[in-house]
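The following pair of complexes shares a single chain, subunit A, combined with subunit B in the former and subunit C in the latter.
And then the complex of A and B:
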């Protein structure tokens, strides 16, 4: 069979199977069946006859009902209550790199608050010439920038640290989203308050704090604060969602999501870190000997195959198969992603959807002709610092078993010949 | 620190190159007033900067803890369910599943004062006085065997308390301890290992949430959205001709808005088929039924006494309780400050009616 013929044949077969509602795991190896004409084509369908919805049916649209399973999901047993909890982006069902706000994971410490723009205040105080208060309207008058960045919770894949636990890319890797932010560089606001950014800033810190009841606060070294931190008020072109910090959140490119303070209300310049709850008792990494790493801010390079995966099995049988996934690095741009189909024995370099961008998600594809045999799918990201995504064994050799945050190890999906996939660990 | 310093130097160089010695100003914003800074700038630094006057000891702290904190953290700071444990865990950090508490893990006492005063009690943050905060913190330290019960905690004695894990932290050393281990040279592409075996399967654990009814969830979400657009006005009470005996008339629209108000209660109370008692008891069937009747729930003495006297949660009694819990029942464990609006009280009661026993 020429490659061309094979491609056409498979398309027709899978379409017919879809029409006949053939379920998961259907094998389409057999030759094309004797075909009856497709009534979807030969008969006039209701949608081709009458009207659809008029404009204004949904002044702000939600996805069509058939996409109802592409939603954030929570793992209830993880936390005591949803007001201090996390849910997961359905990365298994998305493509490209931009995460729609409506299904981008949420993490709250005391619930998503409703704060009006009119009631919003941002204070800059501490070691500045003039402590200032900005209104929301003030922020919109500063020169602003657009940048695409991923935001990953330090605990993403944390439940997988001790062993394969959750069956789905959404749950193992879904504490991440990637949006285009519009905002004012933090540097601009510090300069407005008279902080001298041209002097020696080493040893200086900013403490950033949210307006919600948890008053989540983190200390950020001044070098980072002046480098690329944004005070953002738009994501993907529209206002931030309530659950992502409306009206204003901090964007700290490449660094753990907890530092991306939502509903940000105060920025204080200090000459030492505050050592707040979130940077001492949480978001620190305990090693085997009982000592703990602190200030582990950067998210190291990581990747995952999003499809096929447990929630996104292969339903079309043998033949052309698109293996796809996401890669990212908090220390730079992704330059290469390798995919293994045999659990890490051999690797093939995948195609990047477009060249990797700094601290943003990169989509990769490996287009294969699947022979229907079992696969142990893995992906391995490499960034422009030369960092190569490690295996879980390599990470454990350094960190032991009690570390929770910053698990950026290689993930394995065991894909069976019926197309179903499951989360496994391999030797 | 070395890696960090390198970055620092680089950033400084870049900054100098950018040449923003005289940064442009836009004249936006206004000066922050001293009272405003005082109201928001509450952080306490590890060296004690920011600690207020006042003091407290564990004896006073125990009483405050019982009413303000124990509902989630337990009478002895041992933690209830998934809520944080605040005491115990000494010498567990190098073992499997270390228990990380204020006593066993937190390096700075300042962090605990800062966090308690700003963010606790949960659901009623920022209401503790400085005195109460010192007393609660003293009780937590006492529960961790770090001070005696007559130790008076204040800014003068703050550093007499030794935090056991004060020296237990190192600064991120991944650049030295990790990067060269697996990022030197080219990655292996062929014959990288001889054999691959599955060593663990997530399916065996079976803890992944089920996805049935996913589309229903979206429909519900859409419903809630449209609900929020049009401010929920309670529909006129349906006037069924003869309501069946004691069965109160049920107002679905009001219950729906009550569901929203109930978010305030959900940190501690559950309703529905799979409800469990947590910091607060299950509330299924509460309306019209005797107080203090959920089995295995540890009610306050006050609630037990009221139950003994035959208190029935009629709509009127419940509304009075919800308005000002601590005034209605002195000694209740419910730390909720109360629902001022009569509309909210009624809505919640209507919502609770929809959950039968």
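And then the complex of A and C:
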């Protein structure tokens, strides 16, 4: 408890110091927000005059009607059909780090299929002693692990390469979710089929494919397959939702979401990668000279301010303001996040909601006293490898303008004096 | 990544060693479960013959129809009306540690009310310099924290004092949930109203009440109020659901759920407790001699095997079996969980899914090779204060049989050779 106490104390002091630094007394500004209490409220409020809903009315609850805009959204022009499209997490309206399954980013290549546990089979074949087919019930008999991991589409922020395109954090950075996954290590199933994991596995690969029409096949080097990949059947404690791959999906921590194959039906051990469609014509990065980078699996350190942002404007005028956002790295844990209010000229170190965890979203906060002037809001993430999230200019110098995937550059929101925000670029 | 790797390795080795200890070769037993792979599956499976759902079909997703039994349930005879009743978490069917809001335990005293953010007000009054009324928008301007905490009803397992009553972990232990809460420390709001938190606060109390008809008022000593209590508005990243207190509830880490006042409307600073209905005629523990214990706020260390259990029988016969459950302590972090298969005669140390966190659920696993004989399954939790979860006999010796609340004794499931389980007592 003393840990919480001191953290609270520090937070509050930081808040006051930050406010003092910009020359406004935070306590008075803050107190001004709340109304003086009326000691004589004699009217019984309508919601206290009778009974509310009984427990039998919510066997499985949904958000209250007033939160009806906190939903996944897709971008109609982005793909030819909604069965091969993307549903963006409403990150502008969320806080903390966990993404509820119901509004968690999902991407399909041929739609979300419906597959009963009883019909589910997972084949492990190829360079193994004994090719095996597992039922769902079989998978439940192996030792399980739980980990909170983020899943980010390689194309997240992809529309922003050429300039500021989409007006909202949900659309620029919402191809991501963060859930507590429960599953069996892929290593366990490979060992079960007799693959020798104790020796030199370099040059070996697994090819993984899903049960949907697209199959979405991807090659994964054996070192990663044996390290931390999970064959997962629960997310945030409950069964995977249909659109997240019910009953079983692959979890490939820190690596691009396309490899997290849903409705996974087959894992083949090979001595070379397949070079499938999804890892050649798609999910490679075309450079300025026309050549392409391939095997760009890990998602580099990245961050975004989720509020204020275009879908989450400031509505309360000047004074105390909570600036918040998310940071993550596919190569490790976030160690620091900096926030700039002047388009990158100066930076302040943000407060992390909790110490960063490997390959999981980290929430950051900067509690400021806003003087009402225009801000060019940015955030930059730093991970435990020492990597610092680059500017868009820095990234373009290396990667050109032809890429779609792996845009992890710093995002800028112009916040106007009236509190409204828009997606802009700083030159 | 090396951390994950070694954990996986250790896990697997433990599993094999455990299996060897009971004299059965786990690899062959395990391999026998999976079918040999048929290399010539030529038929295209129905779910791969066309498209699934497009992303526009799931703006906010619900569990797939096949999981329709993983829902909250109430016990009809427990209370006179469903507006003053309990919805139990389906813990027998969940894994990991996070409880989705949609199936998270809830308890009302006069039903779940509907309150818009615009109509929401929180008064802080009493022994403060400046009584204040905060709107929802005001609350959003203070520095926030995120913590995963369990919320357990003091009456959880209460029906079990006199003997084994309810056949299922959902009903014996499901008055609990575990969510990532986001909110403002109560300390911050008290300071905002001018309460001096720097001096001696002993003897001071806050009285908290909700906006529903019951008001559910409770007194909290100031030391706790200033330590880690949150005025929370999000759970698992999104707005509180209506039944969890939308838009704002109190979070009182480690203490009985009745104090986690929903739709919180007032916090009054006093120099004595109120001794309200909810802390005198209710939520006190009547002892053998007719006197009652009061102010029994903290939830002592407790655990339960969630599977196998009466609602989650073993369906696969003998061989590898995952025994899993939950452990928690309102006084700190879980450091160890032991599992017994013989009704407490001998104990094995379970594997924790993650190191225990303060006042949060901890998942435990024991991976065994079941020989098909009857088991008397138990678990016992140990927290970082050194406290060991007591047997029911030990607890009765101290507390008698008149209590309803704070039954944290060891639970026993009799698992029969056919895999079915039932709630029993060991003498």
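Just so we're on the same page, the second predicted complex is superposed on the first by the 385 of 427 C-alpha atoms of A that agree within 3 Å, B and C clash if a C-alpha of one lies under 4 Å from a C-alpha of the other, contacts with A are read in each partner's own complex, and residues count from 1 in each chain.
What we mean here is this: contacts are C-beta pairs under 8 Å (C-beta built on N, C-alpha and C of every residue); 3 or more make two chains touch, one makes a residue touch a chain.
A quick note: this is a predicted structure, and the numbers were derived from the prediction, not measured.
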Contacts of A:116 with subunit B and subunit C, given as first, second, both or neither: second
Which of subunit B and subunit C A:43 touches, first, second, both or neither: neither
Contacts of A:300 with subunit B and subunit C, given as first, second, both or neither: first
Partner chain(s) touched by A:394 [first = subunit B, second = subunit C, both, neither]: first
Touched partner set for A:353, first subunit B, second subunit C, both or neither: second
Touched partner set for A:138, first subunit B, second subunit C, both or neither: both
Partner chain in contact with A:288 - subunit B first, subunit C second, else both or neither: first
Subunit B versus subunit C as contact partner of A:130, first or second or both or neither: both
Which of subunit B and subunit C A:221 touches, first, second, both or neither: first
Shared subunit A surface residues [contacts with subunit B and with subunit C]: 62-63, 71, 73-74, 81-83, 110-111, 123-125, 130-135, 138, 141-142, 191-192, 213, 215, 226-227
Subunit A-touching residues of subunit B, taken from the complex the two chains share: 4-5, 7-9, 11-12, 14-16, 19-21, 23-26, 28-32, 36-37, 40-41, 43-47, 72, 81-83, 93-94, 96-98, 100, 102, 105-108, 110-112, 114-115, 118-119, 122-123, 125-126, 168-174, 177-179, 181-183, 187-203, 205, 207-209, 211, 214-219, 221-222, 225, 263, 266-267, 278
In the complex, subunit A residues that touch subunit B: 62-63, 65, 68-69, 71, 73-77, 79-84, 110-111, 123-126, 130-135, 138, 141-142, 163-168, 171, 191-194, 196-198, 200-202, 207, 209, 213-215, 217, 221, 223-224, 226-227, 265-266, 268, 270, 272, 274-277, 280-281, 284, 286, 288-298, 300, 310-311, 338, 342-348, 376, 380, 382, 385-388, 390-391, 394-395, 397-398, 401-402, 414, 422-427
